[in-house]
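Shared between the two complexes below is chain A, which pairs with chain B and chain C, respectively.
Moving on to the complex of A and B:
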């Protein structure tokens, strides 16, 4: 097999060389982190007052973990390590409640991130001859712009179509002979189911690869996509706190994702004790970004459950491979690639007086796509018997939630007392999506 | 004014039965009913003999229900009468938000119940009277 590389020297470097790079970059990152309100105190408390206090990679374990909640508390700039004048871009993702998680990038940070994405694309066999249709949402979400910059750096022909509008996606695939897609697996299945409606068959298309990410999926789903569309599908992993996509990406072997270890330090821990586990053991993925100056993030608890492969890869890369995401240690839902915390939904609907205290978040599939339904009880004392008021209540809930979680749920109104009660361990989330 | 009882009902099996059972146990007699279907839910609207008792009985078990003034007029059951009524209201620029009708046998009296914006309700009653209709008060409506 022909193995393509973007930067063969780094991608196949000896482990000792990689670890040397990691140590150097960790020290520099700790120096940046010491400039932030978020890290100064906690690093000092751990006895780390200067980059020179990091003497080996083992010293990483002296640094306390960072959680999404820490980034919420430090909102908006408590974790910013440079002057705003040096910030080139801001991305933001949903917080667990109304306060978003914000990440700042310097020019150098965007450049480093872009390089890792170019490496990811080339490693998966993308070339400058490809026409790249980027179906991930552009904007605050990192999925769209991240791959966009990476694909441009590779020299691909980039179609920045963003998410949604299936009809136009299909026409564009046909009209511009797109060869590589970046898409969530569920949306790609949905697109496949709509090809016939547009009078398009596979022979009209030039597809050869898809980068599928932003939502967990099984090997079965990958195979299904590959068979249905006659393409190769590559798993992709990233999260906005650690730049976005390009943390880990599959190479042409398609046997799990190489973590780019010159850009990130990956650890797997026991989520209960915080103890660092060995390669091959399943636990929570913890990541440290070692090439981002504006927002250094140390030992970030991703809440994603996975393991790192102990052995190397047939492609010759020395960067360890991350398994598929096997689950979450929190209650975060991924709805068509968008991360949603039940607490975000609760916070919004409980502020609406016409809604009683019981609610239910229901997730299922409608065709290939996820469907989110928020069920609320109406509050009897504010019921006036008017349809228009009930319909505007529904509309208000949809608007409030769309502003908060960026997707529009279906809203169902229920009779008082018909949903599970708020006391005790009420099950607020019912996820009926099939596990394949 | 006549009172209409509006009840929020989920659109699933057994919900109407729960309400009818409650009314029956409280000896409420139903004069007329209609349901406004909204997909996942509906609004059941009732004209009953004891609207306050019915409201309390339902509210007591946690039902979302409301008592509301409606314009109820009686018309003789003959061609053109409904038109005379709507013509008079339209001429005064009064909007009927919602309405339903029924005929009481054996007197062949037609009843039209109309939901009207509260601000226009008193005016609507006057217009109906001036057009020759009888506006029914609570007891008159329930004792038909």
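Moving on to the complex of A and C:
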């Protein structure tokens, strides 16, 4: 098999060389972190007052973990390590409550990230001859713009179509002979189910690859996509706190995702004790970004459960491979690739006076896509018998939630006492999506 | 003269309407007029009963979401064009109807209609001036 590389020297570097790079970059990163309100105190408390206090990679373990909550507390700029004038871009993702998680990028940061994405794309066999249809949402979400920059660096023909509008996606795939897609697995299945409606068959298309990510999926789903569309599908992994996509990506072997270890230090820990586990052991993925100056993030607890492969890969890359995401250590839901915390929903609906205290978050599948339904009980005293008032209440709830979680849920109004009553930690979330 | 309509919020659940009717029936409350406003995911039951105070107390005690609405019940000639003649008068006097529905029974040769007006007081004045018979609560209890 012909193995394509973007930067063969780095991608196949000896482990000792990689670790040397990691140590140098970690020291620099700690230096940047010491400039932030978020890290100064906690690093000092750990006895780290200057980059030189990091003498080996083992010293990483002296640094306390960073959580999403830390980034909420430090909102908006407590974790910013440069002057705003040097910030080239801001991305943001959902916080666990109304306060989002914000990440700043300097010019150099965008450049480093873009390079890792170009490496990811080329590693998966993408070339400058490809027509790349980027179906991930552009905007605050990192999935769209991240791959866009990477694909341009590779020299692909980029179609920045963003997410949604299935009819237009299909027409575009046909009209421009798109060869590579970037998409969530569920949306790609949905697109496949709609090809017939547009009078399009596979022979009308030139598809050969899809980069799939932003939501968990099984090996069966990947195979199904590959068989249905006669393409190769590559898993990708990333999260906005660590730049976005391009933290880990599958190579042409398609046997789990190489973590780009010259850009990130990956650890797997026991989520309960924080103890660092060995390769092969399943636990929570913890990541440190070592090529981002504006927002250095040290030992970030991703809440994603996975493991790192102990052995190398047939492609010859020395960067360790990360398994697919096996679960979460928190209650975050991923709805059609969008991260949603139940607490975000609760915060919004509890502010609406017509809503009583009980609610239920229901997730299931409608066709290939996820469907989110928020069920609320109405507050009896505010019921005046008018249907129009109830309809506007529904719309108000939908709008409030859309502003907060960026997707529009279905809203159901219920009679008081009809939803399961909260007893301590109530079961507020019912996820009926099949686990294949 | 206004009469009382009871509105009951009904979530989209099997047997919910039957629950309301059974409850009222078991307490000897008679439904005189009924309509359901339905949406995709819920409905609002609107009823006129012979004992409205007792009915709403009973419904609330049984955890139904229920409230009063003022409506007007009027007699309409039970013949072709009967309703049209009344609506024409209302329209000429700029009286807006939000919704309307029919009674189950009647106590003369005329049909009985429940009307919910945008402005109930104004509608009553117009009806009185035009000598259109407005049914009283007492008459409904006696049905």
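The rule is simple: the second predicted complex is superposed on the first by the 436 of 436 C-alpha atoms of A that agree within 3 Å, B and C clash if a C-alpha of one lies under 4 Å from a C-alpha of the other, contacts with A are read in each partner's own complex, and residues count from 1 in each chain.
As a convention for this text, a residue touches a chain if its C-beta (ideal position, glycine included) is under 8 Å from a C-beta of that chain, and two chains touch if they have at least 3 such contacts.
This is a predicted model, so every value here is computed, not measured.
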Do chain B and chain C fit side by side on chain A after the overlay, or clash? clash
Scan A:129 for contacts with chain B and chain C and give back first, second, both or neither. neither
Once the structures are superposed on A, label A:391 by its partner contacts, choosing first (chain B), second (chain C), both or neither. both
For A:383 in the superposed arrangement: first (chain B), second (chain C), both or neither? both
Counting only touches as set out at the top, which of chain B and chain C does A:415 meet: first, second, both, neither? both
Residues of chain A at both interfaces, chain B in one complex, chain C in the other: 378, 380, 383-387, 390-391, 412-418
Name, in rising order, each residue of chain A that touches chain C in their complex. 378, 380, 383-387, 390-391, 394, 411-418
Which residues of chain A touch chain B once you look at their complex with the stated criterion? 378-380, 383-387, 390-391, 412-418
Residues of chain C touching chain A in the complex: 5, 7, 9-13, 16, 37, 39, 41-42, 44, 46, 60, 63-69
So in the complex, which bits of chain B are touching chain A? 4, 6, 8-10, 15, 36, 38, 40-41, 43, 45, 59, 62-68, 98
